[in-house]
Structure formats: C-alpha cells, structure tokens
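Got some structures for you, see below.
In the two assemblies presented below, subunit A is common to both, partnered first by subunit B and then by subunit C.
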Partner chain A sequence: MSAPLLALSAVTKRFGGVTALDHVSFDLAEGELVGLIGPNGAGKTTLLNCLSRLYRLDGGSIRFSGMDIAKLGRHEVARLGVGRTFQVVRPFRSMTARENVAIGALFGSDRARLPPREAFRVADEVIDLVGLGGRGHLLVDELTVPDRRHLEVARALATRPRLLLLDEVMAGLNPSEVAEALEVVKRIHASGIAILVIEHVMQVIVGICPRVVVLHFGKVLLEGDPSTVLKDPRVVEAYLGERYARRVRGSRGDG
Partner chain B sequence: MSLLAQQLVLAILLGGVYVAVAIGFSLVWGILNIINLSHGAFIVVGAYITWTLFGRLGLDPFLSLPIDAAALFALGYLLQRGLINRVIRAPVFFTLLLTFGVNLAIVNLLLAVFTSDFRSVTPPYAGSGIVLGPVVIPSIRLAAFAIALLLAALLSLLMRRTRIGAAIQAVASDRDAAQLVGIDLRHTYALTYGIGAACAGVAGGLLSTVQAISPTAGEPYTLQAFVVVVLGGLGSVTATVVGGLLFGLIEVFGQSAPGLGAGYANAIAFAVLVIVLIVRPQGLLGR
Partner chain C sequence: MRSRVLGVVTVAAVALFTLLPLTTTDPARAMGLPALLDRSQLRGLTTISMFVVLTSAWNIIGGLAGYPSFGNVAFFGLGAYATALLTDPDHGHLPLGVGLLASPLVPAVVALVVGFPLLRLRGHYFSIATLGTAIAFGEVINNMDFLGGATGLFPPIIRSDLLFYYLMFGAAALTVGVTWWIMRSRLGHGLVAIRENEEAAAVLGVDTTRYKIIAFVVAAALTGLAGGVFAGWNSFVNRDNVFPVDYSVQMILMAVIGGSGTISGPVVGAVGLEALIQLLAGGSGVYTQILLGVLLAVTVIFLPRGVIDFVIGRSRLTLAHFRRSLRQTSV
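Showing the complex of A and B:
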C-alpha cells in the first residue's frame, strides 16, 4: 500500500493548561472520505486549525503527501493542496460570490493558480457545482445563510485541493438543504478529492463516510465504520453521558 | 471674473498634485491599516532622484518618473518585509512610532547626502503655458495633473484587474482566509507597501518640477495626504481623487478669502480636517 496522503502522529495541542489535542494519530488515504465526530469541545475544529497551520503544534507531527506541515507557512500548506472551510464562514466581504470563488482559483494549490480569465471560468463551474448558479454576481452580504456555506465550499474547492477539510458545512441547514449539500459532498468526493468532514448531523456521517474517527476530550476514542462506531457504548456515553448509556444498555437487556 | 477662472484652473491643477501625494498613503492606510508617517519622506526621496538625474544626466524630469517609482517600490518592499511587518499586528501607536522613526532616518540621510539647500528642477519648458483667453494654464502643472490622474487610473486598474490586486483585496478583507486559499501574506503586505511608496516616488518627481525641494520638505506632504484621505474617505482610489481635487479647491480659494493669505494654508487644512471629522467622519465617499 502506498503512503497515506495525510498522516497524523501523536498530534498534541495545548492552550495554557488545557490539552485540546492529546496524541491524536490517524491516517487518511488519497481520495478517502473520513468523518471526524465527537461531542462539543472534543477538539475537532482545533484539529482542522492545526492541519491548516492556523495553530502551531505542541507535539507530534502532521505529514501531508510526505511533507512535514509544521515547517511550512499557512499559504504553503494551501499550495500543497489542503483546502478548508470555516465553521463560522469567512468570505471576502468586499467582493461578490463569483469573485470570492475566483480568488480560490487565482491562488490556491499548485494545480490552481490560474490566470484571471480562466480563474473566473473555473469559478463559474464551481458555483454551479455547489448549487449557487445564478447568484454569483451577488455581494456576500446579499446571500442567504445556506448560500454563504455553499460559497465557503466553492472557494475551497476552486483552490483545487487534494484534501478538503469541511468544518460543519451543514450546520443550520434544513433537511432538504442537507440533502442537497450531501449530494455536493458526494460529487466532490467522486472527483477524487480526499475529504475530512466534521459534522454534527449524523445522517451525513452515516450516509457518506465509509470511516469515522471519534474524538473525545482531545483523544481518539475510536475509529471504524460508522454503523459500528455509533453503536459503541463508549461513543454513546461520550455524546449522551454515562447515565443515558447505562439506560440504553439496560433497555437492550445486555447491561 | 478672469481672476476667478484663473484661480479655478490653478486650484484644479493643484488638486491633481494632492491626488498624487495622497494616493499611496491612502492605499497603505486602507489595506495595511498603517498611517505611514514616512510617506512624506518617500516623496522627497522621489524628488531627489528626479533632481539628481536631471542635474547629472540631463534626464527630463517626466522621464525619470518610472525610475522614481521603481526605486521607491524596492525601498518600500524591503522596509515592509524587513521592518514594519514585525509590528503589523501591534496597536496603531507602534506603527506610528516606527514609521515616524523611518521618516527621521530618511530625512537625516538626505540631509547628509544633499545638505539642507533648497533645490529645484527647471527644464527648458518650465515657464511655458497655454493661453486660453484671459486664463494661462502652466504646461508643467498641466502635465503633472494628467500624470497624477493617470497614476490613479493605473492603481485602480491594478487593484481591480490583476492578480496582485486580488491578493491585496483578499488580504485586506480576511487575513487568515486569504492565507488558507494560498496567498502569501507577508509578500502581499510588502507589495502593498511597495506600491504605496512607488506612488509617493512619482508624486515626488512631479513635485520637484513645481516646487523647491529640501530634505525636510516631506512633513507637510504627509499632513496633506492625511487630510485628503480623511476628506475623501478611506478605501477607494476614486475617494482619494475626489478628496485631492476638493482639497486643492479649498486651499486655493481659502487663501484668497478676504483677510487670509498664503500663511494660512496649514490652518485651513487642519480646519477642514476637523470639520470633516465632526460632520462626516467616514469621509465624503467612505464606507
């Protein structure tokens, strides 16, 4: 088997006395789709921030296609092919949706970095792909909240990443919007891009991720296929508390 | 009547010079959030480059403008990359202090090299003008005006149509998000500061043809740039052009108001600044 696209090894991040990530290790293969789940405060977004170099590691290492990310600048990680969205969307407010996406294609990974005309052509394609078609000319402030999330994905996608980090892109969407967004993620994955997706909507995780990693208090609690992992008592306990977990076990008659 | 027309022409032409003086200052303030107190010194460096090339090589002052721009771009880029970047996230007071220090260093270096004598650049066509009935349009001032507006147009085009402009706007809008789509933050900051300095260099070259220059002449330019940007509003080339032209009008007609004279130029500038800050703090075209 070839080397993994992304390899986390004992990744540790502390904020003062709080250990937000504690020896987190897992791999992600080229083109793989992995779900990252865990209760609030488990360290999911912190992990993405380490991956995109917003944070410095306090220990361990992250290798992306063989390169040690810790030695690179933020823009260099992006150039290597790590694209990301933010949980709280961060568009360029002074620009239209189309211009936002074009920035991704103008810069982005080494496979992007297109001349302006081509960047705008790619922007139009990506805008259609994420379901923003016909609204590219709008300023960011004129977009609806779901559309701003789509825009966040579009901009990251236009950078032509090899690995896309999606941070709760479906939070706050209604069920039909979630279904649409799911289709988008599937299409992106089908195009060969590896995806690490943080999501609270379990339907998303079960529906599309062949493998999930569960974080709890900054540690990897479990990883495996979602239907097995979500039934695991340790995961139920992490999400819902010990008492609920006992009750679930009791009602099944195996506790 | 003819006096009024003549004054109007001179005021508009003077406004063009103010546009050139302020445009780089506006860019650096708007994008990097640095009130660049060494801007006036950059202008004076540009003026001395033009003066030197004119005196030593007989190069026409208008032909030396690209050289001013290139030299000041390099100076600005290196200063930002090596020095100012270190305090870019610090409170505004630190950047004020640092750019004030840079200003002092440049002024004293110029004093050591060029002495404190006043210099002027006087090409053969210095005194010529276009006569339109009762009004005379000085050729050099007209050319300076045209170049100032051309500079503004070029900067606007650069910001809207090029890769560099896109990077600058993205960085101004969201520093972190820009880096995560692959934009090199430090390089973009240094480019922005370099472009601002290049504009100052061109302004200096233009000024050397219409005013006498000395190493200490830069501080009023910084003040004028500040007033023009506050007047027009931060954040766009158009706002700076409007601010510059308006300031030219205010200054020329202010000085000729009954009871006032040329000595009141700075007082008028400050009065305008105060009034704008009270009435419309975001400037005429500010967001």
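Showing the complex of A and C:
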C-alpha cells in the first residue's frame, strides 16, 4: 500500500485553556473524498487552519505528500497542492470575481503558476466549472451570498490543488443551491482531486462521501461509512444532546 | 479606447515636460524661441518631479501592498546622505554620477534589513513603527561626526538647473514605469492580494513575506534616488532638509488624494498638490496646511478611492455614492 496523501497523527492545538484539537489522527488517500462533521465548536475550522499552516501545532504532526507541514511556510503548503476555502469568505474585495480566481492560477500549486495572460484564461474556465459563468466581471460586492461561496471554491480550485479543503461551503444555501453545490463537488472529485468536505449539516455529506470523520470537542469521535456513523448513538448524542439521545434509545426500547 | 486615451495623454505629457525646459537654454534663445519658463518655474517643476517620485514610490508599498509606511522619508534621507558622502570634497570627492549610483542602493539595503521586523506588523502598528524608525535614523545621522554632525555635508555646487530637472524628471518617469511594470506582473497581483486579505493570499501560494519585502525595497530604492538627486541639486544636506517628517505625511496625502493603488493617482496627487502648494507659497504656510487638511477630508469622504477614480468616471460625486463609500470604508 502506498503512503497516504495526507496523514494526521496526534494533531493537538490549544488556545489558552481550550484544547481545540486533541490528538486528532486520520489519513486521507490520493483522490479520496472524506467528510468531516461535528457540532459547533468541534474544531473543524481549527483543523483546516492547521492543515494550511495558518496555525502552528502544539503537538503531533501533519504530513502531506510525505512532507512535514510544520517545516513549510504558508505559501509552500499551497504550492505543494493544498487548496482551501474559508468558512467566513475572504475575497479580495477590490477585484472582480475573475481577478480573484486568477490569483489562484497566478500563484497556487507548483503545477499552476501561470503567467498573467494564461492565468486569466484558466480563471474563466474555473469560473464556468463552479457555475459562476457570465459573472466573472462583477466585483465581489455585487455577487450574491451563494456566489461568494462559489468564488471561494473557484479561487482554491484555480491553484490546481491535489487536496481541496472545503469549509462549510453549503451552509445557508437553499435546497436547490445545495444540490448544485454538490454537483460541483462531485465534478471536482471526478477530476481526481482529493477533497475534505466540512459540513455542519451532516445530511449534506451522506450522499457524496464514502467515508466520514466525526469530530467532537476536538477529538475524533469515530470514523467510517456515513450510514453506520450517523446511526451511532455517540454521534446522535454529540449533535442533539444527551437528553435527545436517551429519548431515542428509550423509544426504541433498548435504553 | 480608454487605455489609448491614457497612452496619448502620457506621451504628450512626457514630450511636453521634456521639451518645455529646453526653451530656457541659450541655444533656444539664440534661435529666437520665447522662454516659456523662468528659472524659478523650472525649479518648481523639479520639486514637482521629486514629489512624483516620493508619492509613486510610496504607492508601491502603501497603495499596492497596503502597508502605509509613515517613514519613507528615511529612504530619501539615506539616499541623499549616500550621494552627499561620496561627492563631498571633504569625504568621497567622487563625481556626481558615482554618488547617484549609491543613492538607491543604501536605502534598499536598509529597507531589506529593517523590513523583516517592520513588515510583520500591520495597520497602524506598522505606520507608527515606520515613523519611529525614520525619526531614529535622522537622529542617529545627525549625531554622527563622520557625516558632518548637525552641520551636514556639502556636495560640490553644480550650477545647472536643467541637469537636475532632467535627473529628477527621469527618476519620476522611472518610478511610474516601474509601477506600471509591477501592476502588470505577478508581483503586482500578489501585492494587491496581500492588501485585500493577507491570509487568503498566503493560502493561494503568495509568498507574502518575500513580496512585501520586495515592495518595500523597491519603494526605498526609488525614494533614495530622489534623495540623491536632491543632494546634488541642493549641494547641502543635513537632518533638517532630508529627513523632514512632513515629507512622509505629504507623500501619503498626495497618494491618497490622487488615488492610491493606481498608476496615475499618485502622479495626479503629487503634481496637483505640489503645484497648489507652490502657488500658495507667497502666503502663509498655515493656510497651505489648512487647505491640505481640508482637501484630504473632502477626498476621503466623497472620493475614498481618490481623484483619479472620479476623473476616469468610475466614481461620481453623488450623495448615494457618498453613502456607499462610507459603508465601504467603515467596515
């Protein structure tokens, strides 16, 4: 078996007294699609920030493509092929949508890094791919809220990542928009890019991820295929609170 | 279309400012051409060119990268001192050409060294730290005996207003050209990304530290070149005339009023404001200061992206626009 694309081992991150990540370990293979779920404050975004080296770890290690991320600069992680979105979008506001995406293609992973003219051509392709077609000339402030999410994805995708980290890109979308976004995720995955999808609403993930990891209070609660994971009483409890879990157990007559 | 108009305007302006001063020369007089400028107007144009250099160079770090340096005057002073030290008969006693070569190099090296700690700071922390650094440099130099102490240095007098006009105008053209090139290149796109959101830029692969340092060093080198030319022109350099904090403030005012982050904005701001300052020079300096203050306030409120945005037609002076810009600037 070949080495995994991404390997987390005992990843630990503290903020003062809060342990946001507590010995988190899991792997992700080349081209794999994994869901990361967990209730509010579970540590999902913190994990992403560690993966893209915005944070330094307090313990453990992250290896991407065999490289120890701790030894790299933020931009070097991106150049190795880690692309990400931000849960609270962070567009370049003075730029048009197209210019935002072109930044990804101008810099990005070592496979991307195109000269300006070609970067804009790639930006146009990516804009079509994520469903922003025809709106590339708009300034960020002129985009709708769902389109700003699409822009985050487009910008990350233009870096030609080997691993794409999506932080709740579907939160706040209506059902038809979610369906569209899921199509985009599937298309990206089909092109061979490994994806770690964070969603707070787990139903979103069930349909598309063969494997999910559940984070709770900074720890991996469990991981596996979504149907088994979502039925697990520990997961129900983490999400809905203990009282609800007891009621479910009670109504089934096994509590 | 718009870019062609801009191109024509640029070429016309360069031609005008290259040829106009020639009418002051003796051969032109001999040919019977009218002198369209007098000595003091030529000196005025030299000073305007100097502020175009300072403002456009500031724009590279302050306007493009979004790191509002309040200490760029230090690079002007260092460039001036470098040239003065090399050309002063009591020191280097080298020709002006050699002295001028050092004027961008010394500030560039200094910017490289101080840039690493300074550019880790952001926003007003960065501004205050650069201001302090500039003041410290002035003080230290003022107390160094081999740099003439408080008396300063005296490069040999070269009586040619025309030479120094062309040198300063050339430095201005170079600065604008460098800005033009940067804005077209990967570097320029990276700098604007850093200004808009540094962490987002970093995760897209922009080497933010390196880019900020490059912007700072380039700005320092160009600012230093203006200092070097000034040293030769003025043939007297000390702390008070090449490290004035006013210059740091002035270049920011000019860039912001003209429109920072663009190529033409800082030029328009520098030319417009410095011309205005010179026209008002007969009166009291206090009125000039007040006028500059009012102009800044009016621009920031009504045209937060500078006069140039208004000229190009991207902003309009309406109340609706004012409300929108308030919302944008107050986030």
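Of note:
Here is the rule we use: the second predicted complex is superposed on the first by the 255 of 255 C-alpha atoms of A that agree within 3 Å, B and C clash if a C-alpha of one lies under 4 Å from a C-alpha of the other, contacts with A are read in each partner's own complex, and residues count from 1 in each chain.
The rule is short, and it goes like this: a contact is a pair of C-beta atoms (placed from the backbone, for glycine too) under 8 Å apart; a residue touches a chain by one contact, two chains touch by 3 or more.
Everything numeric here is computed off the predicted structure, so don't read it as measured data.
Steric overlap between subunit B and subunit C is present once the structures are superposed on subunit A.
Contacts of A:113 after superposition: both subunit B and subunit C are touched. By the touch criterion defined above, A:150 lies against neither subunit B nor subunit C after alignment on the C-alpha atoms of chain A. By the touch criterion stated above, A:84 is placed in contact with subunit B and with subunit C alike. Looking at the shared chain after the overlay, A:75 reaches both subunit B and subunit C. By the document's definition of touching, both partners, subunit B and subunit C, reach A:95. In the superposed model, A:103 lies in contact with both subunit B and subunit C. When both complexes are overlaid on chain A, the residue A:52 reaches subunit B and subunit C alike.
Taken together, the two structures place residues 52, 54, 73-75, 77-79, 83-84, 86, 90-95, 99, 102-104, 106-109, 112-113, 115-116, 155-156, 159 of subunit A in contact with subunit B in one case and with subunit C in the other.
The touching residues of subunit A, counted against subunit C in their complex, run 52, 54, 73-75, 77-79, 82-84, 86, 90-95, 99, 102-104, 106-109, 112-113, 115-116, 141, 155-156, 159. The part of subunit B that touches subunit A in the complex is made up of residues 161-163, 166-167, 169-170, 172-174, 176-185. Those residues of subunit C that touch subunit A in the complex are listed here as 184-186, 189-190, 192-193, 195-197, 199-209, 261, 328.
Per the touch definition, subunit A reaches subunit B in the complex via residues 52, 54, 73-75, 77-79, 83-84, 86, 90-95, 99, 102-104, 106-109, 112-113, 115-116, 155-156, 159.
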